[in-house]
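All chains are identified by letter, namely A, B, C, D and E, in their written order; residue positions are counted from 1 within each chain.
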Amino acid sequence: MEALIPQVVVCTDVRRDTPDVKTFRILTPDGKKPFVNIPGQCAMLSIPGVGEAMFSITSSPTNKEYMEFSIKKCGCLTEWLHMIEPGQQLTIRGPYGNGFPVDTALKGKDLLFIAGGIGLAPLRSVINYCRDNRADYGTIDIIYGSRSKDDLVDYKEIIDEWMNTPGVNVHLTIDREQEVWDGHVGFVPNYVKELNPDIKKTVLMCGPPIMIKFTLAGLKELGFEDTQIYTTMELRMKCGIGKCGRCNIGAKYVCKDGPVFRFDQLDELPNEY
Amino acid sequence: MNRIGVFVCHCGTNIAATVDVHRVAETLGKEPSVVIAKDYQYMCSEAGQNMIKDAIREYGLTGLVVCSCSPRMHEATFRKAAASAGLNPYLVEIANIREQDSWIHKDIEEATEKAVILGRTAIAKVQLNTPLTAGESPVTKRALVIGGGIAGIQTALDIAEAGFEVDIVEKQPTIGGKMAQIDKTFPTLDCAACILTPKMVDCAQNDKITIYSYSEVAAVSGFVGNFSVKIKRKARFVDETKCTGCGLCTEKCPQKKVPNEFNLGLDNRRAIYIPFAQAVPKVATIDPDYCNMLKNGKCGVCAKVCGAQAIDYKAQDTYVEQQYGAIVVATGFNPINIDAYDEYAYSQSQNVVTSLELERLMNAAGPNGGTLLRPSDKKHPKTIVFVQCVGSRCDDSRGKGYCSKICCMYTAKHAMLIREKYPDTNVYVFYIDVRTPGKNFDEFYRRAVEQYNVHYVKGQVGKVVPKSDGNLIVYGSDLIEGKRLVIDADMVVLAAAIEPDKSARSIATMLTASMDTNDFFTEAHPKLRPVESPTAGIFLSGVCQGPKDIPETVAQATACAGKVIGLLVKDKLTCNPCVAHSDELMCNGCSSCEKVCPYGAITYEEKGFRQPDRTTKMRRVAIVNEAVCQGCGACTVACPSGAMDLKGFANKQIMAEVDAICL
Amino acid sequence: MSVNNEFRPKIVAFCCNWCSYAGADLAGTNRLQYPADVKIIRVPCSCRVNPMFILRAFQRGADGVILCGCHPGDCHYTSGNYFARRRMTLLFSMLDYLGIEKERTRVEWVSAAEGAKFAATMNDFVDTVTKLGPNRRLEDLRCKN
Amino acid sequence: MYSIKKEALGSLLAAIGAKRKLYVPADNAGLILFTPYADGVSVNLSRNPDVSAKDFFFPQVENICRFKVCGKTVDVIDNREKNEDFVVFGVRACDVKSFEVLDNVFLSEPVDGYYKDRRDHSLIVTLACSKPLETCFCGTFGIDCAAPGGDVEAYACGDSYAFRAITEKGEAFLAELSLENGGDEAVEACKAKINEIKAKLPLSDLTTEGFGGGKTKDLFNNPKWAELSASCLGCGTCTFVCPTCQCYDIRDFDTGNGIQRYRCWDSCMYRDFTKMSAGQPRPSQLERFRQRFMHKLVYYPENNNGLFSCVGCGRCLRKCPQSLNIVKVMKALREDD
Amino acid sequence: MQELIKKGKELFANGTVDRIIGWTRGELPYDREIRVFRCAECFEKDFVYDAFCGANLSKYLIEESGKEGKIGVFLKPCDSYSFAQLIKEHRIKKENVYAVAIECYGKCDSRALADSVEDAIYWITDNGPELKIDTVSGAVVRNTYDYMLEKCAACKTKKHAPGCDETIGDEGEKVDDCTRFDIVAKLEAMTPEERFAFWRGELSRCIRCNACRNVCPACSCEHCVFDNPASGISQKAAADSFEENNFHIIRAFHVAGRCTDCGECSRVCPQHIPLHLLNRKFIKDINELYGEYQAGENPDERAPLTNYTKADCEPSVVYKRGGKN
């Protein structure tokens, strides 16, 4: 199979998560998952004529029925995607990237997930993977924040499933007070400090750059090492196969060597992201 | 996803006879974004419109295509229907399958195929339509009239009559304009002053009218309904509120050698003066170029004699800022400078005069108190030669290409008046053609020829040679008789062409109103909108738009007032939403768009843009005033970067139409 | 040539809303026939027509493009057609310079009252383009298969 | 080793061209471009062609696939062009090296089938550079222009051309042509002469010292980048003439009867190259300019066992509108030490 | 050149400018780079003005004049028109630029010169009418005038556009016997088939590197239409003959009436496409149809495409005009 020729898939379900995030369920025309993947990997979705773009696979590999993508409306292609209806065929190619080391470095560890806004999308597949292989991991803490209650992606799943999984602690926060909200209010970096997590945990983090910056500083203050913290990058990936020349940070290609990096690896790279 | 509804009209058999409307609806129904496609006998009927409205509500349509007659016919109808069902009216497109399809083709197959393509084209466009809302802007209920001649006076009076405030700006010390200098009017021969001066007085007394005499427009900004105008009030060194117009100062002023411009320099006035007896406002003005006090501080006579203590040598130019909803241009005309016509010896002999000078020479208030005497030696002229078309219908750079329109008639008037008052005078008129279209005009001209025995000579004057005794030898040719004429004349009168006042050009620039190559203001449409400038809110009155006689001027002035009133009675103006829009991220600020905008709708602004490196860069960008833009789209093509686009006819939309047609 | 007998050109006509589009309507009202190969795009003024639209039409397979506007001096917006006239003159001259058949492009001034002229113009233009045959020199091969 | 007289080159090319598609360097508007061989083509072997040979394997534009969209359904059709065997004649040592550089990118996993197919169908006849120019610095990267490699090596020696097969494919190719043996001595003489000239080239002393894998930290934040990039226009000339630049873009074109997805050359010098809806990691020409040279001199060697992705062909020296080039960058960055 | 250096130092010394943009030696004997000099010393040391300084500095002033301080620039006659045109289009902030008009007697086409020599060049001595070229196998001599840039061989004027702050040397005159339209006229006289073949031959070499656009002072758009995906044309490598034609037609059209004929497009084209022939066609048409017009010459004059007269010719003039059919 030629790497650049995509396969056709059908979007079987579209669900609105937040005012600007929708989750798309994707299957091959004969009802199968398009391919097998590792949590944290990406795939190239495309609407022919509109363009191609890379998205994190949001569903867990343990989900054998379908694949899901949570996508925020922020550009030309995503605007189109937000307009499609179930039954629409798209094309996909992938999976791309390294994914999180769920079967190696993370195995047996206490995990701390930190996410902001749509940054939950790539982590969601890891969280669900870990929940489905609960015995392989230690405690799971999830700190997730967004602008408002409406902007929390997968709110229903978080409440109904994650919070009811033994050994999983979910800490939600929103940026500003809201009448319908009786939970924590405040920015993620501050909340992380308030919660003062055990520094033996391994951190998986994803969110807007500004959140990453302050949370990272906060974690280091608490005593975390770079080698304990993973993040996943979002740079312009075009071909997905490390050839088109766009997504490199220094000598590393995000689409091939990433998108998951440990912070000590990132430290080695030039500051061009 | 777009949800388009397609409705195909039978128009009885008008469409259905040549176009297979079912097939059109069926085919278009299969287009990806179309959710409903129907055909019906008369889409414009109430039932048809209800069908559309129901579909909009039921299917949540995001766009509507009606395949029917020309959009010029029923676009408004279907837009209204859409709006009443909650769909933005600008999300409606019409495919013209009647005038441009069923009526011009006979072959059903061919016509049906074309109808489908036209339908697809409309679908392609409507998918890219964006909801548009007509904007509104308030109207300042005050008008400005630039120029206080008969045109400006009439327009101002009519607007004031309707109850709106009007300001007249006149650059001379008095209103009245050219008509005030004229003696009698054709074809009735009634006295110009007798019919003009009451109107001047009306202006002065009307509490809705403010006259800014001895003033000029200095700057204009804003747009239709919301102009802001800066008026420069030139220092007249006499307090208008105190001066009683007694005229004592003008008698006592020692500076007597100032050419009197009201009499075209044929006599002199003082350095402090009132242009003429019926001037409005009747206030003295000091001419700073001649006043000894102002020039070297030695005199002060007028201040001494003024009982009202109105003289103020220290006066300065002042400025008034005022808001207007509409601006009327009534800047009028002047005879052209005929110095270049050396063959007529105008600059060599005092006895060669222009028609307007003759007007003053014959006027009771003129230099000779109404007796016609020739300037050089104050003798009664016995032979007078009139030369027509001096600078009119001229094909070289000395004159104008157009006909000045009024000369034939005023020359007939002059000839007749002279023959009437001095029957012993021989009067010759050299003409190219005599043009007398107008009520009672030809009768008037024939009276001059038949009753008053004026010698009309079809032909041209080749040369006028002054003699030492002040007489003039006129060499001419008679084309009808085919002979050369040599006339020993006492006076020669030249019918000089008229041209727009020199100030008109700068005013047009300030108003962004367009002018033709002769500096006459262009009208919005030569036939259908003759009193409006293409620039919204600017109206044209009188000769500034083109040569006219007095009745025409007054007619246009009143028409113009009607248009102004029509604007001022509105509280708000609705703007055409299909206007140009500049994407400031793409705009270079190069000014190409501004140059092709006929309405002056585009201005520029320095704006800060955030750069990727988080600094701010200042850039000049175009801003379209949506209230002024009429949506022609000239700017969209002039723009090299593609920043300028036209709502409703966007680049993308037209390209989509092209694609759909060529598919 | 038998090929040419079957060849039906694709013609795009850009018509000014205020004159030629109405002229086309009048042609319809008077039942004056012209070939169905002509498809009209309504524009607010001839000055709205960007050279890019014309090239786009050729790219997509048009065989001829005609632009109709108000007679010089009669522009609804006073000056639009004067600008259009200069732009199109230069564009057509450039196309000719590149060796693209100049007969494939045309500008005509047709007023709202000239239905007959509109029909006659279209008949003539379709005729000319039919004789030229399909547009080859400014085609985009990708659009052909 | 085989040898032919110079005059016989025409008939040799004709013989090759009769069997396979053949490309030769030929005159075109003052340039030398690889041109399909045909009667009347003016073959010019005097210097390295102006545009690199990468176009044969990584063409400016190529179709990836076509989509047929009908309503909500999408069909994917692989409509790439079928390749036939072809011969490129007169490729120089630098361009031959560039194929290795490109191979490392396109033939690494996942293999780019479009590229591979073209490589497989090609046969490269190289030509030793008798007269390297002032813009040449292939020696800097360990390339010997007197031993160009490829499938078959050719030498212009005096009044004859000598050919030597390097690969089996080349051997078979030469065997087909039934040439006369000989020319070994002439080639040695020719090589000696080339080496003599090489030593005199103005750029002969340029070395890669200070560059290579692992040098990111040393070079990335060098203040010189700002001045070096100041007059860069951001055009893509250097990248398009470069034999090793391989950035590409994938775009869709709506043909009206299907969506054509194609790949075309792209350039890291373009300002929207890395622009995305989420941001722009290389916002100014400085970052873009730096990326190009860092890639050639540091990133690529780091990922490819020290192989530089510059082959010293000198085309960017010849073609840059504002006389910027990699040599200047290398020298400037080194000055600091 | 000494005069220029003296002037530059003086401008630094009296505080007129805080930097000067000019030419400097590049890597190769005939390379001239563009540099912004920030001090009198480095200016004196590195500034060069000679037969190889063909590059037009005007376009850099768009960016530079937006910065703080005042920049000095030396303008050759043809560059001064670009400069004046950019001021007219409000792209250059004149108040931040001190422009010195300098003489030019034609610049050398360094590529053609280098290609005329078979061996590697390591030094060139400019002896006015002669260039002495030292190569690895000895010296050769070339006549300077045989290797002029096309734009210089067909120079239109040695006179500067108005708007420079001072002039060094004597102001030149327009070139009376300018030959710049000769080839355009020759093309016009061909049949459409010949013209089509000619342009296909030229434009098919285009690799869409965008050097012509990026160097062009008239192509100063913040965002080029061709970088807009909505333009419907590939931003990069031209996919087929249509795109090659389309890009060059639209580019020429967009600069029509604004192009000063500075010749940079042809100078920089790596594929030797005579792009100036497209621009000159527009200039020639404009001159013939709408009266002589030189972009940048008159700051108040309207550009031909943003102007009109009622008596303009009809587009049908194209059908009637010259050329064989």
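Structure notes:
Just so it is clear, a contact is a pair of C-beta atoms (placed from the backbone, for glycine too) under 8 Å apart; a residue touches a chain by one contact, two chains touch by 3 or more.
If you're wondering where the values come from, they're calculated on a predicted model, not measured in any experiment.
Shared contacts of chain D and chain E, meaning chains that touch the two of them, come down to B, C. Under the contact definition, chain B and chain C share the contacting chains D, E. More C-beta pairs touch across one of C-E and B-D than the other; that pair is C-E. Chain centres here are means of the Cα atoms, and by that rule the chain farthest away from chain A is B. Note: centroid distance chain A to chain E, computed from Cα atoms, is 51 Å. Mean C-alpha positions place chain B and chain E at a centre distance of 44 Å.
A separation of 40 Å divides the Cα centre of chain A from that of chain D. Rounded to whole angstrom, the centroid-to-centroid distance between chain C and chain D, based on C-alpha atoms, equals 46 Å. In chain E, the residues that touch at least two other chains are 225, 231-232, 239-240, 305-307, 309-310.
Multi-chain contact residues of chain B, defined as those touching 2 or more other chains: 596, 638, 651, 655, 659, 662-663. Residues of chain C in contact with at least two other chains: 51-52, 56, 60-61, 73, 79, 83, 87, 140, 142. Applying the touch definition to every pair of chains gives A-B, A-D, B-C, B-D, B-E, C-D, C-E, D-E.
Contact residues of chain E toward chain C in the complex are 184, 187-188, 192-200, 225, 231-232, 239-243, 245-246, 249-250, 252-253, 256, 278, 281-282, 285-286, 289-290, 304-310, 312-319, 321, 323.
By the touch criterion stated above, chain B contacts chain A in their complex at residues 1-2.
Partner chain D is touched in their complex by these residues of chain B: 30, 32, 611-613, 659, 662-663. The touching residues of chain E, counted against chain B in their complex, run 66, 89-91, 220-225, 228, 230-232, 254-255, 258, 302-303, 305-307, 309-310.
Interface of chain E with chain D (complex): residues 26-29, 31-36, 55, 60, 111-112, 114-115, 118-122, 136-137, 202, 205, 207-211, 213-215, 227, 234-240, 264, 267-268, 270-273.
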